[in-house]
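What follows is a pair of complexes built around chain A, which joins chain B in one and chain C in the other.
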Partner chain A sequence: MTGAVTGSTGRGMTELPRQAGVASAVPARRGSRKIAGRRRHRDNLIAYLMLAPVVILLIIFVIIPLISAGYLSFFNWSFYRASEYVGFRNFVNVLQSPDFLASIGRGLLFATMVVPTVMILAFLFANIARGLGGRIAGFVKTSIYIPTIISGVIVAIVFTIIYDYSGGVLNWFLGLFGIQPIAWLADPSIALPALAVPEVWMMFGLTALIMLAGVLDIPDSYYEAAALDGAGWFKQMTYITIPSLKNVILYLLIANFTASLQEINLPLLMTQGGPLNATLLPNLYLFNHFTQDTYQGQPIAGALLLFIVLGAISASIFAVLNSEKAVDG
Partner chain B sequence: MAMKERSSVRVPRVIVGVFFGLAALFPLAWMALSGFKLNSDVLATPFSFFPPSWHVENYVQILVDPDFSRAMMITFAGAAIFTIFSIAINSMAAYVFARLDFSFKRTLWVIVIGTMFIPNMAILLTSFIVVTKLHMLDTMLVLILPPLASAAQVFFIRQFYLNIPIALEEAALLDGAGRWRIFTRIFLPLSQPAFVVVGVTSFMAYWNSYVWPIMTITSPNLYVVGQYLANFRVSRGPELGLLMAGSMLAALPVIILVLIFQRKIIGNIKIAGLK
Partner chain C sequence: MLQGILISAAAPLGASLLTACGSGTPGQPAGGGNSSGRKVINFWSQQFEDWQSAWEKKHVAAFNASQSKYKVELSIVPADAWAQKLKAAQAAGNGPDVYTISYGNIGSAVSTGSLVPLNGLIKSQYLDDIDPSIAKFVSAKSTPSSSLKQYAYPWLVEPSTVMFYRKDLFQAAGLDPDKPPTRWDQLPDIAAKLKKGSVYGLGTASVAADLSWSSWGLQQNAAEHYPVKTDWSSADPTITPYAKLAEFYSSLYNSGGMPKQALSAYADGTPLGQGKLAMQITGSWFIGLLRQQFPKLESKIAAAPMVSIDGDQTRPTATLGGWTLAIDAKSKTQDGAADFITYLLASGQSVMMDYFKASGWSKYAARTSIVKAIDADSAAQADPFRKIITDKIVKYGVPEATYPIDLSTDFATAIEKSMKGTSANQALATAKQQMNQYITSNKLAGTNTQASVQSGS
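The block that comes next holds the complex of A and B.
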């Protein structure tokens, strides 16, 4: 709803933090402090006035909900009845709930299908599109960007029809090769991969464009020197491209991983979590319990736990990267 | 490119690149064309990409459907208001964090940026409780107000402001111009490239919202367009040509925005700071 949408899903977040900008700001701030001298903090009034709208709205609609989620997770809380303090029982219960744990496992499986596919396709695309220029590059970049901005509702509608059993284009296409129609969204063993396809389709564009920006940043001279030394395509990829892109790849891995783990529109609209809960991803599980349960302490506790787990995963991936850097020297 | 490529390398590059582009566009192109088909032709076998016969009726019929056009207009109005106000308040905060010196600056910065890392789902239910207590349910305000302040946008605009040379405002400061005057006279006119990016992002976020609206909006005359389409699919499922036409029209505003601003948005995808 808030920044979390743009920040965590990556959709629409079109620029990454720039350290260069931060670094250049430091001397500037020092400079102004020197000029201001004894008039330090003279900007308090105007600063607080101009900050007020953002800070007040964030407090009301993000910080208060977060604090009350933390608080309510210790209560047997309900919209309709008096609540009762239950200590850690909600956390214990949700962690022992097979449905919740299964939904997280399913989310991880979904992310495992989506993220490597997106990354490999984007990597290939970036290395191919590197050499494109002019109009063709413009057309290709704009075309792959468009799926990233389309509403999840529309994506769900279109892909449901593509997957239609008797008249969908996918089964028709497979039929050309003599393959029998497949019930993509009704077969519990196929439904989750079937949802992974539109997820990949939506996620590919921005990932590929960020990867392309990274590839274009690698000086041509590296490749020329490697080619002179007789390095082939594969060696150039493993010794030049991938190491140069390490941090870009890591950022995209984390952003796409957390985004696909939090996907809700596709299962909500295409399968309602079915068949047999095969597509009940964690956020849909929580959403269903938020909207259907009488006592909501337990799903609130589950949502908070998931949030902590996501943070821990991101942090540990960064830790791995840093230690690797240390080995490299 | 410094290196001039041989055509034996270049031609496959072009073919594969264009293939990626077409694969990305295929589902949308098929949706747009299916809007011209009869309901029975959308799922007809054998598959046809182009309509066997062209029918503009679907597009006309969905446009004159008062529920659809109302949903389109009210979503557009909401998205426009949302975009303008989010740019206004987030750019003010960005300017303050980029240039002003005040007490508790660090603390406030950490709090604001910290909100960027809170997943929606962690606060979805308690946000619902908050808007219920504020009596905002089933009003436009519940769609506009809660997501208005955005740490990601404050961060993005601040980065942009940090790159504006300080010399530009020094003369104005020496002349005794106030901070507000410097913001409106010097920073705002220079902000257009950043505002294009955050503006399109805001518009898109509002236009594409679905989960929050279905929790908070119950009056059909306030439905956002995604909500309308999802309901249409359930209640009028067999009218596929109409559904495709409606989906296409609902996708159009964001596509047009991206086409208008493509250079500024796609050109802005940079990776500095990730090396």
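The block that comes next holds the complex of A and C.
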């Protein structure tokens, strides 16, 4: 740039003042660029400083443990004696364990029971709540959010009481119709669905509120235009609501799927993984091995394999929903 | 300016984060701490009954007042948080100096080098006072060529399987309360007879998590050994006695007298106290619960040995579970920890007699001298439960299985499958395959540090 300006000095005299003006502007621009550069530099520094606590925490609590876990998974890790290097034996043992593989399959089944139910209920709620106004909307939103802030441990205790065989609310209610008590948590065929109910209850509040926020974010003009074109409720939902919620649905699917696959409080407290391992979900399998195994390599290898499974599931959901377009849109 | 503010704000944040991350679980490493010039001994105890916590606090304070060299700091940890808290602390090198450990876990702790032998730390006269049959439970060889040493000091023993029943409900059902059943095949019919309305005839373990350890006594009753070989080289649960055991549990579950879903965990005798069950199989610790929470029911409840496969009640029906104190191998105050164990469990009689009195004689002593003292105590002699449990159950009790609990869970899963419809032989064949796969995968063969106390197949 500077060279181009000085190279024009052979032009007519009339250009001189402009050239002189340009020449005098150069240091000014340089100065403003320097100021802008300093400002950018300062902004970057502030940004890095503000990010630093999170990055430090991530390094301490995620990155270092992950690397450390990867390293330890190749050992029979002992806290008191030199750990023994075992190569891939811990991974082989986990992959050969029918209980681990079954727990992954069971976790997927559990997530399949929970996530679509939560999503459909939340979608219906969001569409109903969208039309509510004032105090009623506030009351309804607060009410459905309450299960989200209740501890999973408390939920497990409450539902254990509900499912109690003798004296439980559910069997008492069924007894009014002459139905014999049902072993909700001891019958292998119904124990997992019985655990899915409190899981849905816990997930519903937050999912519904996020879904509602997404619904409220859709401009009314879309619906007005569609209505003028004669689109009914179903077409508006199919062509406007659902496509506009694509990002929200994507987030909720991934978050809820991974959360339900990793559920541990409910099976740990309500069934201890029984009956006949019918509620032994992956994290409970790992937890049991962490607390029971003499050496710790195998539970760590199992946790890393579960990490891969969760990552693969999230990637699959991303791929199926083709999120990039939606995010940009 | 802004930068300066941010940096000065970030500095204490970072410092506080680093401080927080650097602190150990209780704030200091195992042993070596210092409190007013006294070396700190961290003592972690699992949480048991309230009266036991009170007894621990009382005698920890008394020990601290009795000398000026050490200070014991007691942490009472809930049972459900125990395993993860202890493992996390040990992994970080912040484990306790002294901690409670059950008999069944001593072997694996010795195999990983977690415990220090007490020989040389505690005077031999106190080690010799341990009942010889119980001394075996705490003895192990750290390697096959090592000598047998004692790695924990027994606190108490309690049989894990006792048959408690309501005498009044026996009478109401036309049964003689003074003649409880003695054979396996009698129990299902009696359970069915005792079922009246919402009161079930019998409660016992019915899921693998509970059956894994609560069925050990009956495994010994059936086969006189555990399904895993003493050297842990293989397992065979498919023998006829174990098939009969699985069928016995199945007959109970399907008798009509037992609820299809347990009213409580095996260790919790509350349903019997609440009147929801006429009989309950649980551990002797129920006596403490009965006296603390359901005192009005005490006169209506009796205890009897668990039914035996052939009615011979000199066969074992219960394992002798219980608790000990052990010293962590990384403790820097092993001498002080040994002094504390000596004070609390091993020397004199007053501290332990105070414990057994507080238990309402529902726990059983592991020291010869204390057994004699209890036998001479008039209040203990008058206790209706103690004589039956001491003479008819503890006398024939056997040690808990010390191999990894996964193997017991595989076996218990076979029992549970049998209860829920699978044939016993088929379920046990699956268990055999799973148990042997576990043994091979984890290279268990030859790793039993307590081969001298196990009765494997």
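By definition in this document, the second predicted complex is superposed on the first by the 248 of 329 C-alpha atoms of A that agree within 3 Å, B and C clash if a C-alpha of one lies under 4 Å from a C-alpha of the other, contacts with A are read in each partner's own complex, and residues count from 1 in each chain.
Operating definition for what follows: a contact is a pair of C-beta atoms (placed from the backbone, for glycine too) under 8 Å apart; a residue touches a chain by one contact, two chains touch by 3 or more.
Nothing here was measured: the structure is a model prediction, and the numbers come from that model.
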Query raised in the report: Which partner does A:I179 reach: the first (chain B), the second (chain C), both, or neither?
Result: neither
Query raised in the report: Just chain B (first), just chain C (second), both, or neither: which does A:I242 touch?
Result: neither
Requested in this report: Return the chain, chain B or chain C, that is in touch with more residues of chain A.
Outcome: B
Query raised in the report: When the two structures are overlaid on chain A, which partner does A:I144 contact: first (chain B), second (chain C), both, or neither?
Result: first
**Report entry** Touching partner for A:G133 - first (chain B), second (chain C), both, neither
**Finding:** first
Report task. Look at A:A225 in the shared chain and tell me whether it touches chain B only, chain C only, both, or neither; answer first, second, both or neither. Result -> neither
Report task. Answer with first, second, both or neither: which of chain B and chain C does A:L66 touch in the superposed model? Result -> first
Report task. Could you say whether A:L95 touches chain B, chain C, both of them, or neither, answering first, second, both or neither? Result -> neither
Query raised in the report: In the superposed arrangement, does A:P275 touch chain B (first), chain C (second), both or neither?
Result: second
Query raised in the report: Is A:V309 in contact with chain B, with chain C, with both, or with neither (first, second, both, neither)?
Result: neither
Query raised in the report: Both chain B and chain C contact which residues of chain A?
Result: 42, 46, 50, 53, 57, 60, 79, 164, 166-167, 287, 290-291, 296
**Report entry** Residues of chain C touching chain A in the complex
**Finding:** 2-3, 6-7, 10, 13-14, 17, 21, 83-84, 87, 90-91, 93, 95, 108, 111-114, 198, 200, 206-209, 259-263, 271, 276, 329-330, 404-406, 413, 416-417, 420, 434, 437, 441-442
Requested in this report: Note which residues of chain B are touching chain A in the complex, please.
Outcome: 1-3, 5, 9-10, 13-14, 16-18, 20-22, 24-25, 27-28, 30-31, 34, 42-47, 89-90, 92-93, 95-96, 98-103, 105, 108, 111-112, 115-130, 134, 145-156, 159, 162-163, 166, 178-180, 183, 197, 200-201, 204-205, 207-208, 210-212, 215, 226, 229-230, 233, 240, 243-244, 247, 250-251, 254-255, 258-259, 262, 265-266, 268-275
Requested in this report: Over in the complex, which chain A residues touch chain B? Could you list them?
Outcome: 1-8, 11-22, 24-25, 28-29, 31-33, 36, 40-44, 46-48, 50-51, 53-55, 57-58, 60-66, 68-69, 72, 79, 125, 128-129, 131-133, 136-147, 149-155, 157-159, 161-162, 164, 166-169, 172-173, 201, 204-206, 208-210, 213-214, 217, 220, 223-224, 244, 247-248, 251, 258, 262, 264-265, 268-269, 282-283, 286-287, 290-291, 296, 299-300, 303-304, 306-307, 310-311
Query raised in the report: For chain A, which residues count as touching chain C in their complex?
Result: 42, 45-46, 49-50, 52-53, 56-57, 60, 78-81, 92-93, 96-98, 164-167, 181, 183-188, 271-277, 287, 290-296, 298
